[in-house]
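Below is one structure, written out as structure tokens; comments come after it.
Naming follows writing order (A, B, C, D and E), and every chain is counted from residue 1.
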């Protein structure tokens, strides 16, 4: 496999210009996104990182046409967000597992396949493959409430990976997983990305994870939610796990940490 | 505006259908009348108008019902025994009293059921069985029985209303008080909260949506109870009595008028509970 | 002042004009009586009310009274202002029914709730089965109005001369397009509205005295009502809590009731009594000849 | 003091023993006449021994049953019963309650199996009601034409099986079942239709609420007018009665899916029908079953009530309405008993299906206090 | 402050002996805990780490008397778990926020205070203090659904810290938080622990976090859920953030990682 740089990837998949989104609430408006300008190209792996409440989820939801921006423009593959959604352009892993309690785990994973009309044999094959991938084999017939938190989250990841979408939106998918599984899934995800040329938007709180995975890291900051830094990764596309000890890696991580720290109003207070 | 237009459209459709049905259903009798009166070759428009103007139609036309409602409410003094407002008030007072009793009883039973295993196991099946007893069959006996011990007037009616309206409240509240998720209950356990605290701080607020849903059913059903009780006790008046006497005298228009007033009353009561619900929802921070 | 409660068999209407007029005109007061009149209805069995202690005197039909007596409510007839029956069966001529022999195969509307005995006695006498078997009639439980006839659900329906028959006339039926079977004219009448009390209360002379004064005032009420039909009808309308009674209809009813009531003599006519009892026995509505089901102490005292 | 008695249980035990003792004293002069009752009083007083020694809960059951049997056996015919019998009734009732409390506590702690044993409790409660009813009606000389004792009703029930069966077929099989099925299906279908179109929903729901408030008593004569005397009009009343609860509940249920569950479907660009079948209908399950349960009792009541307004001379409602007029009150109650049993069985059937279908809902899979 | 070793701390707060817990499910039993032997002393800071589904939550719930063990014994402060719960011996932070949707954030934090009968003035003071601590000031009057996932989690932490319990049970409390907030809360938690001598049981998926915080690290492994390693930390009690670069720290982390890896059946498979 060839080593390539992130910026060499294809045409714009997501293009946000002066994007803003304000939630009206009982005691005043909350500006969740303000003047966000961002272009995500085909094949990019973009991580979003930022303090909690800075609008990461909101931005992903806007791309997914689950929230309507209150200002600015947003295009997905040149289409409007709604058209893109109708074209089933993306798969979404929510911050919460959102499994249906009346379906077993395997049936939950089958859900998008049923909806998108996959043949039964293909469904079975994909369920098996993705359940193996997230190491949930043996729990096919369990109901969501019979699984631990991390297992539920893995089931929801499997569900989003079971069908073929060119754009993957993942909101803290590995938040509730231990380091080993996380490492494992990180490298699986990278392989998948490399193999399928998917575009991935990935929210995480782990700086190493962001640096390890991404071609582009978007640092956000709250009140109002905005993009404060966009860091293009200089790491090669091929990334063994031990790349995390290289100086290049550490340099990028430091830059991200600085960006993140700048977004925190209170660093050093309350000590 | 966006709410009025659909309602008006559907109403219009119903009205059209109703007028058509009135022609259809009153036609045989009108034909008999016309034949008797040697009227042949009546043009259809005249015939339709005849069917909408019968004295005792099988299906009265909407305007006949509305005229009757008007005549029996606005056009009469409130204290007149022919006034549907007067009878409506009688039914309403029994309804409200019965509803108050019924809600209180329902909530009390639900609380007993969720807090006491023995009550849960022994009460629920019989509460359900109690509702399979046809109240109209028992109501006269209740009225006679209570009359024998000197209870007459409002109270027997309210008791029958209560009998009907406590049921949706128990069922809804048992479900509602049990609706908290396990994790919410676990949280209370970690605080070693007393049953009383679990009740007021968790179960009761969690049951609010269920309480209001039940109360909406309960108040409508309470009105039915009052009307049923009145059917068993012609003295004292009330909308049920008007229904009954209308039926004895073949006064279909009167039946329909009483029926509509009863339904209107119920709709208003349900709407009142609904606005109370919205108020409480707002104070509990529900998502708009 | 003796307080008595009178339970009517039906809603407030001119069928009970005598009692309503006596109350309204103060005839009961004159006799030192405080009378409460309870209207009835389709779900109120006066026999049940009196058994439960909710009334002292009831107005009911003799067949129902006797049947109740056998089921353990010891009712005793103390007076019988109604001498004739107002019950009829009417059939629109379109049905082709002109005589009893035409009945088989047709559907007849009958009032139940204790009002069904005369009909079954009649059919029993004619030998017409009512159990749905071949050569018999189909019986419908008729609502207390004439709708089943208007809508053609029944070929013949039950009516009272003083009430539903009037409604039929109002609705445009006339004697010319109806076949009428009048129970009285056919000799099938069973005694209707009589006054009944509980047997044990007759052991109390004070009660008997109160009953006597009650019957006396009631008959005065009947006399007044029959002499002043218009005023009587107005009184009925005024006393009806439900606001359903109309002057026009009550006036008609007073007129018809006057043909059935003997306002001067409340005594039981033994011939009709015996015939009623016999019919009930024939139909096994009651099993044994009733003993002490009537008393003449009250009417004798009035003579 | 024995620690396995809760304060409620302790209180009941004291009441049972106390009233037993009081009965013993109050009845002393006449007790020879009723040896069984004497035995009950004595044993109920002795049950106080539970405070110092183990006392099986089954002993409480036996004692309660003994009390009931003794009371019924010693009811004086015709006359009002002596005062101390009321004490016996009270004591036996307290014992039965105590037994039930202890039994459910034992089941909860897992010391006794749920299946089978769990059934004893409601049955015993019903039996207690019947005994109280029997003793009060006979003991206080309530006129049988007002309220007959259960024994008389049972006698009538067994004597009139063919008649009751014919009525049951007419009312339940011919009217209730078809009416229930049609009404529920129609309610479901209209709810979905209404859900599809916000316009229809805005138009139909207020009117639907208005219509559901129509006292069915009013529509019963109209249905008889429209559909004739036989079962068709009764089925029509049942349809009308069951339609609106189903409509209202289903519409509410279709909105029960949570925001994130819907979002998921949105991300799949699932079609309306896919979202309906795979998310909203399952999520509405608890609500739909709620309506099915409510309707199971409403349907029977509706059919019976409709029969008050004209029927062929068969049917439960016919028998009930005409029975009162004939003072055949025991037959009326026999008919009511059949109605109650049929209705409860119907309800129980629906509830069983509900447990199986909505197994995933917190109210089914746990969350009991 | 004196530097002390973890093993020097006080008497046993939690003592589990041969503890086992099996969930019966529709298709067979799940052994969530099997033969767990563990002693936690007063003042210990114990981290639990292990693949998802290994029984960490279940163990915490058993200590909290929310699950009943099916075998073995468990004592808390010498009492049974139930007695300890009744004595309000612990505060619990659940894996999910479990905020009551009808209460504002401040009212949610007030909940345990109301239940335990704190005076209104004291309630207000504690709410303010803990909301500041988790940096949620300004969101007092918001309802849970108006907060982001991480903000909800912080609210639930504030709720558990608002009252005084000697034992804190925390199930992945910082899972949904970014590194900066996490670092901040980590050091706040350490300070709190040091100041109040609380005993803390802490579930985490982050090895550095576990090593940084703990006096004792419990490594668990699934199917059946069991304890595979208990590592006593040799780090001093006083821990500046940069202790994470010391060789001693890294050595402990490596040992934890090895234990964790051993518990994973599939490492290297499905590649």
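List of remarks:
Note that in this section a contact is a pair of C-beta atoms (placed from the backbone, for glycine too) under 8 Å apart; a residue touches a chain by one contact, two chains touch by 3 or more.
The model shown is predicted, which means the values in this text are computed figures rather than measured ones.
Shared contact partners of chain C and chain D, listed by label: B.
Chains B-D form the pair with the most C-beta pairs in contact.
With centres computed as the average of Cα coordinates, no chain lies farther from chain E than C.
The centroid of the Cα atoms in chain C and the matching centroid in chain E are 85 Å apart. Chain centres here are Cα averages; for chain A and chain B they lie 53 Å apart.
The distance from the centre of chain B to the centre of chain D, each centre being the mean of the chain's C-alpha atoms, comes to 22 Å. Taken residue by residue, chain A touches two or more other chains at 26, 96, 143, whereas all remaining positions touch fewer. Residue positions 146, 221, 225, 308-309, 321, 324, 329 of chain D are each in touch with at least two other chains. In chain B, the residues that touch at least two other chains are 58, 136, 140-141, 144-145, 148, 181, 231, 247, 285, 287.
Chain pairs that touch one another are A-D, A-E, B-C, B-D, B-E, C-D. Of all residues in chain C, only 11-12, 38-45, 48-49, 52-54, 143-147, 150-152, 167, 170-172, 177, 240-244, 246, 249 touch chain B in the complex they form. Only residues 260-261, 263-271, 274, 278-279, 282, 285, 358-361, 365 of chain D touch chain A when the two sit together in their complex. Listing the residues of chain D that touch chain C in their complex gives 143-146, 221, 224-225, 228-229, 307-313, 318, 321-322, 324-329. Contacts from chain C toward chain D in the complex involve residues 42-43, 45, 47-48, 51-53, 64, 67-68, 71-73, 112-116, 138-143, 147-148, 151, 153. Taken together, the chain A residues at the contact with chain D in this complex read 61, 64-66, 85-88, 90-92, 94, 96, 98, 100-102, 111-112, 114-116, 143, 145.
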